[in-house]
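Next come two complexes, and both contain chain A; in the first it sits with chain B, in the second with chain C.
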Partner chain A sequence: MPAQTPDFSKRLVKTATDFSSLLILAVVFIFFETANAINGDHYLTLSNLSVILNQACFLTIIGIAQALAILTGGLNLSIGSVMAFTTVMWGRMLVGNSPDNVHFLFPMMLVVGTGMLIGLVNGLLITKLKMPPFIATFATMFACRGMAWLALGKKVIYNLNSDFRYLGTGVVDRLGAFTVTVPMITVLILLLGVSFLLTRTSFGRRIYFTGANPVAARFSGIPTDRIIIWVYVLSTGLAAFAGLLYGARLNSFEPGMATHAPFEAITVALIGGIAITGGFGNIWGVLCGSIIVSTIYNGMNSLSVASELQTLVMGALIIFAVAFNQFLIKENMELRNELDDTAPQRDTFSRTI
Partner chain B sequence: MRAGSGLAGWRLSHLPHSIFAFFLVFLLASLWVPRFFSPGNLSTLLLQASILIILSIGMSLVLIAGGIDLSMGGVLSMCGVIMALCLRDGVHVFAAILIGLASGGLFGLLNGLCVTRMKVPAFIATFGSMGIAQSIANTLSGKRTIYWESGSHSSVLDFLGGNIIRVEFGPEASMTFYIPFLVLLTVVVVGCIIFLFKKTVLGSYAFAIGENEETARLCGIATRRWTILLYMISGMLASLAALLVLIRTNSMQPTSGDGLEFQAVVAAVLGGNALEGGKGSLYGAIFGALTLYVVRNSLTLKGIDTSTTMIVIGAVLVGGMVLNELAARHERGLSRKG
Partner chain C sequence: MTPLLRFQRITKIFPGVKALDDVSLDLRAGEVHVIVGENGAGKSTLMKILSGVYAPDGGELILKGEIIRRNSPRISEQMGIAMIYQELTLIPELSVADNIFLGHEIRKGFLVNRAAMEERTESLLASIGVQVPPRTLLKNLSIANQQMIEITKALSKNARIIVFDEPTSSLTSAEIAELFRIIAALREKGVGMFYISHRLEEIFEIGDRVTIMRDGKRINTSAIAETGMDQVVEGIAGRRIENVYNRSSTEKGDILLDVRDLSGAAFKNVSLRVRSGEIVGLAGLVGSGRSEVARAAFGIDPCTGGEVFARGEKMPRNNPQALSRKGIAFLPEDRKREGLALSLPIRENAVISALHRLNPGGIIRRRKERSVVRDYVDKLEISTPTVEKLANFLSGGTQQKVVLAKWLITKAHTFIFDEPTRGIDIGSKSSIYSLMDELTRQGAGILMISSELPEVLGMSDRVYVMAQGRLAGELSREEADHYAVIQLAFSRPEATA
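Presenting the complex of A and B:
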């Protein structure tokens, strides 16, 4: 329709917002492909893609854990320490292959359960003691790391159960040069589950609403405290699960592991288009974000960039990605207001309530 | 005219709450840890805490204006490495310090521009620049500790590394009370910042911006410029802290600032600075930093390992926040009655 033409550019921006992380991913792919092509290499091969995706799996899980907390307008800094503490605490039950061992699922449940308990502490500190999430989860981060060191000292738990290790390293199928691993399947199931939870259940919609405007949410009868507590239980439980996967891949648990995990998780979630102010973002963006981050690490290694320079690139990237997303989100919000007059949109906010 | 001016309006609850936390912790430590309340240990405590005090003052400035500066630790490492490299190459110490301060200020400027112009949330902007600063520190130093030959160009550093006063109460080292020049330097710096904060518009503008940036802008405050200035001050304070580290250890590690920014946040928050801005005090941050170091120092003296110390610090943080929340509720109750 001719009357619609001025809207075209705006609609383009709106589409771009929904796929902003995909845009960044494309740029990153093209950059490394051309950079490697100059050296006469081919970067985007199937086997390299499967390596990137496999590395992205762990990042995706902690990214989802962080994204859930960020969606409520919070933050979870306890992710890495919880990974260390919970696995170190129950990790001895996963050692070795002797037949009188308990089934490996039992300690796994204990690990995730402990993580959820710590999440409950996080949630209670935030809602009942009115502590800012940054401080509350920082305190549990400190405490959990301390308890992890206390539980194991300077030792390492190694030589894990091979059935359990299959979860972190197992190969499901080889499609040509592309290897489908167990973590990929796990992450896919997890993403489908969380996506269903966030978009198709009232609990998920309430998470978005609580993050977007906690006061309005409370006044419209949403038990925001309970929502936030549950989100931190889920988020910290997921972190513990990520710890299991991490340990299964490395074949060891140690108290000092994953010190940078909460910050990597923040990077992944924000590059994935989750707004730090809360209440906005698509969980599939986290997958994109983690693929971007692992592509950059992988690509910089392929170009043999020094590790200290990699921190610089990641630092600059996170600033620019967030600035880009921030700009797009602002445009998107304005467009929603304009477009809502003409046609009902199937988007986050109109489906919120 | 102000409600709190004069002794008549003076109330115990007007003090930053972290003073009470500090005295409580100090009293407990003095009673429980045998060698804690000795002149030598108290001097060490002051010296250890002075770096964090400077950092937490800078952090509080930014927190009061509604931001956060996570890059302080990284900037500390970076400026320290730059200054140490200058000293190694025989640059005069004053020029080295100026270069260090300038690079800290420049980084603060970058942070401020990211926050105000690019509209990146402060948490993310400074988090990203933390990585950048750490990377610069590691690249410049080649990940190695930097030493320098002390000579005529660095004689001021040897002087600053000494003590102003040294009083011996007994033959043992723990009975020697001393005040290093570094503590004096810290007092001077903190005094200057507090003077700027209280006696110029800086303080009230920072509170106004932190409380409501839009309102502050409509009231005619150039919010962007002031925010950038605050980030620059915190960057320069980080480089001053780097100078302290450099003098104390007589060398510079590229990782010496790692994690210090979070300790500074903890100290500032213990001191009653709210993360959402518009509330807080610089004195509070000083006592927050002192509280942290009293806990740390006394647990070390007691021979308790660092893992337990971490748990205790987590607990102190929660306890301090509960105290702040209780005090805030008490105040709200008072104002409702009055």
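Presenting the complex of A and C:
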């Protein structure tokens, strides 16, 4: 029937907007494949894919940490400094393989615990002192970086415990040329957990609602302060965990580590379709955003693009991604509305990835 | 004698409402023309047409016999029309002289001639009998004195017409006397003044003529000397016949909500009770503190004194969660901003306050959730194809029903409705009234804050009236009529504490 055609095309557009990040990813893949093909190279090899994915894992963790804060309508700028400070503070317990050492899980828990404590400070500054999240975490960003330098000075903690290093560098299996690494498994488990938390628990519902409309959240009897504090505890604790994985991969902890992390985290969260205004976005989008960013870095390296230029490209990408996503979110909502009206049977719900 | 200004058959239409309907009115030089009416009667719209904020859809503005064809805030200012609002528009960090000449500084070449400005300020202030050094920073002046500066500023621009919009709402009685003295001085200078106020006793003190407005129409204009208070009150209230209210008689039971001596920033010592089966109206003018009391009682705004009991149990302060878990529901006036998360679907909005009840253990039971929401969508006749529709795309009436569903799912027993039908079409209105009636028949209690008198009178079993942050009185259904409510709403209740 002719009447179905516009409906069908709308449905197609809606599906496309549902998976906008995947679309961007496809475009990026095709671009680098073609660009490399001109030089007679092959870009999308299994081994290169596994390199990209492994790289993306580290971005994904800080991306999730950032996405949690953004979902409440906030921001966490302390991510990088927390990675440095918490690992520098307890990192000596992770040096060497002497049998006298405590089990490496123990200092790991201390690192994450310290991160959560800083998150508690972030949360209290935001809720009790009513500081805007940008300012509160801006302050803890400097404070933590300063404490990291104070704790270690211009030294580096290196030669880390090999069992611990396995977390950042270990290989689980090789599927042909594709290497499945430990960080991949870790990130997969983390994503499953956070996704469950956000979509299948009361706590997650309250996070989205608080982010979507903090005023209405209070009027609905949601303890918004408590929700926000918990989110910053999780977000900052996750940052500390990311610090461990970075250290394990690099085989060192140092006070100057991960200065760009909070901003990379914002980039991947936004490209992943998390709305900067809060309350909207799917956590799996962060994985997509990380893969896009790491593909672009990796691809630019494969084309030997100068690093200054790479930074410029990233800036342009953020502008493009945010504008594109905002457009898509709006479009997606409106299409959903129209389709709801024309199709009373539909009851499924998906958020833009 | 040609009037200074004439509104000639002014009509202004906003989407869905006729804010001004064929209003004709004049202002003479050297008179204080008082305009009274309920909120929404059209007073402010009329003044905004004068100041050029709105353009009329019909009719003309005639200044000294000449029709004004183009108007804007800037043009009206140049024509000598000045507005003195409730909220002052001065800059605290600047001196008195700088404030007065802000935007029209006296210059000497490129430079500001400060000495000349200070001299002129001094003479202007003297002309209305105010003694303030021109170099004083504005922030160091009292509110009343700041208002004097605002008036002086108008004079410095040679204003011939001054509009006072609720000028006394934040003044003490001594300051009001001072303001009236200055108004009298302005009258001597031949300035024409419109004076808008909700304090009826004031208008008899300061006014020369009074115009009563209601529902966008001019009801009557008369000389103050020939007008009685009764006439004014009756004119404001009018007699309206509407029959969308179906209030059945219900059994009144236990006290569900008990607010004792609550005080906050905008109100003092307010006590309210809501019984099971009862609809209690809370009336009063906008700004009388009605919503503020309800918001503080629910724990949204801080309160400075008093206690709130839900079913006899004392509630902690500043904790909406505690009240919502004890069965108190709040349906805010601004549904889009305070009631719903617009980017979330009906389903997630509807269950947000009942998550703990539906999902003990904190894990969402999706099937149960969906069926509960569908249940209430059917019960409340929420017109939507699916429960997944985003709240953003619902009409005002439907949004209100979703907020109501949210609280019904929590099994609330007391409902605080703040302006339950504002911005809602007449069809949805009557269905919301039936729902309120139905709720009380099942034993719920309702506190209804409303600016619409017919609604208050049509639905309430009892009416509390607030004025100026205090409870001005309580009326039974039999006692409550337009006249009684308006008289209380315009009264000045004495401090009881």
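As a working rule, the second predicted complex is superposed on the first by the 329 of 353 C-alpha atoms of A that agree within 3 Å, B and C clash if a C-alpha of one lies under 4 Å from a C-alpha of the other, contacts with A are read in each partner's own complex, and residues count from 1 in each chain.
The working rule: a contact is a pair of C-beta atoms (placed from the backbone, for glycine too) under 8 Å apart; a residue touches a chain by one contact, two chains touch by 3 or more.
Computed from a predicted structure; not experimentally measured.
When both complexes are overlaid on chain A, the residue A:Ile135 reaches chain B alone and has no touch with chain C. By the touch criterion defined above, A:Gly279 lies against chain C but remains apart from chain B after alignment on the C-alpha atoms of chain A.
Using the contact criterion defined above for the overlaid structures, shared-chain residue A:Asn337 touches chain C, although it does not reach chain B.
When the shared chain is aligned, chain C comes close enough to touch A:Pro223, but chain B does not. With both structures placed on the common chain, the touch criterion links A:Tyr208 to chain C but leaves chain B unconnected.
Of the two partner chains, neither chain B nor chain C is touched by A:Leu12. Comparing which residues of chain A touch chain B with which touch chain C, the overlap is empty. Of all residues in chain A, those touching chain C in their complex are 199-203, 205-206, 208-209, 212-213, 215-223, 275, 279-280, 333, 336-337, 340-341, 343-344, 346-349. For chain B in complex with chain A, the residues that touch the partner chain are 114, 118-121, 123-125, 127-132, 134-136, 138-139, 143, 262, 265-266, 269, 274-276, 305-311, 313-315, 317-318, 321-322, 325.
Chain C contributes residues 298, 300, 320-321, 323-325, 330, 332, 337-345, 347-348, 351-353, 355-356, 359, 362-364, 366, 370, 384-390, 392-393, 406, 410 to its touches with chain A in the complex. Interface residues of chain A facing chain B in the complex, by the touch rule stated above, are 125, 129-132, 134-136, 138-143, 145-150, 263, 266, 270, 276-277, 306, 308-312, 314-319, 322-323, 326-327, 330.
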